[in-house]
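Letters A, B and C mark the chains in the order given here, with residues in each chain numbered from 1 onward.
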């Protein structure tokens, strides 16, 4: 038995959790603040048989990988002499996960 | 030294915590949401000497074991021709715990 | 790779976290309630290379060690026949940390 501790972004938490549950992986979500990732994050504890750790990591990776997102700029728009102020789109990095796999000495469901 | 990670239901958290403290086991409670158990749950971190792990598990088991509880139905009551609507009691499963025991490489109280 | 689980008092959390981040240690904060320490506390998860565990413990120790603090008494002031009621300062213990270092079987940043 292994315990996977996955720190992921809040916005990825629901997708990962429901995919893990669909595949019958037990998990609990801990509220976490700040940390490994730049914005609000969630720490998942996932109990898993040794031979299924890779399946769990694949699910986390598929749903949380760092990716670019275009958002409208909150900065003042760029000014050009010919067209005046124009809206500007900026690219931010979202997602990402930091994952620790721990050995479990003893596991019990009561 | 071992670290016991016990995911239990919120309604069992106070009883378990106070029994553990009465017996001088150090613990901290993490707020957790959803997860291994069906309703609101709490994750306890309990630091314990190797030879007392079983005593901790006994305390968790005694206070958190899955059990049936009768509650009044929130569903519409059953209708019978002779007596009209009658109140109905339903049985739900409560309690339960998922427990991981982890090896501790190094322990320090500062 | 090691995972340091440090339970510290809320009032020490910001100083420790920012010193750890200044030195490029990754961490996440979990909200925790009650527990090893007498007042509100925070649990930090800090991922760290084996050879830097002592550096992390030094930072926690430097910022969280148990210490005395003088506060004005909330108890009724002492009465003396000659001077009447006089304000009284009381000494409380604050700070402290309970730290577990766990082996990490596998570590991945996604």
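Following the convention adopted for this analysis, contacts are C-beta pairs under 8 Å (C-beta built on N, C-alpha and C of every residue); 3 or more make two chains touch, one makes a residue touch a chain.
The structure presented is a predicted model; accordingly, all values stated were derived computationally and were not measured.
Engineer: Which of line, ring, star, complete or other matches the graph of chains that touch?
Structural biologist: Contact pattern: complete, every chain touching every other.
Engineer: In steps of 5 degrees, what rotation angle do you get fitting chain A onto chain B on the CA atoms?
Structural biologist: It works out to 120 degrees.
Engineer: Could you give the separation in Å between the centres of chain B and chain C, each centre being the mean of its C-alpha atoms?
Structural biologist: Measuring from centre to centre gives 27 Å for this pair.
Engineer: Could you list which residues of chain A touch at least two other chains?
Structural biologist: Counting only residues that touch two or more other chains, chain A contributes 30-31, 102-103.
Engineer: Can you check the complex and tell me which residues of chain A touch chain B?
Structural biologist: Spelled out, the residues of chain A in touch with chain B are 1, 3, 17, 26-31, 45, 47, 102-110.
Engineer: Which part of chain B faces chain A closely enough to touch in the complex?
Structural biologist: 2, 5, 7, 30-37, 41, 43, 53, 57, 60-61, 64-66, 96-103
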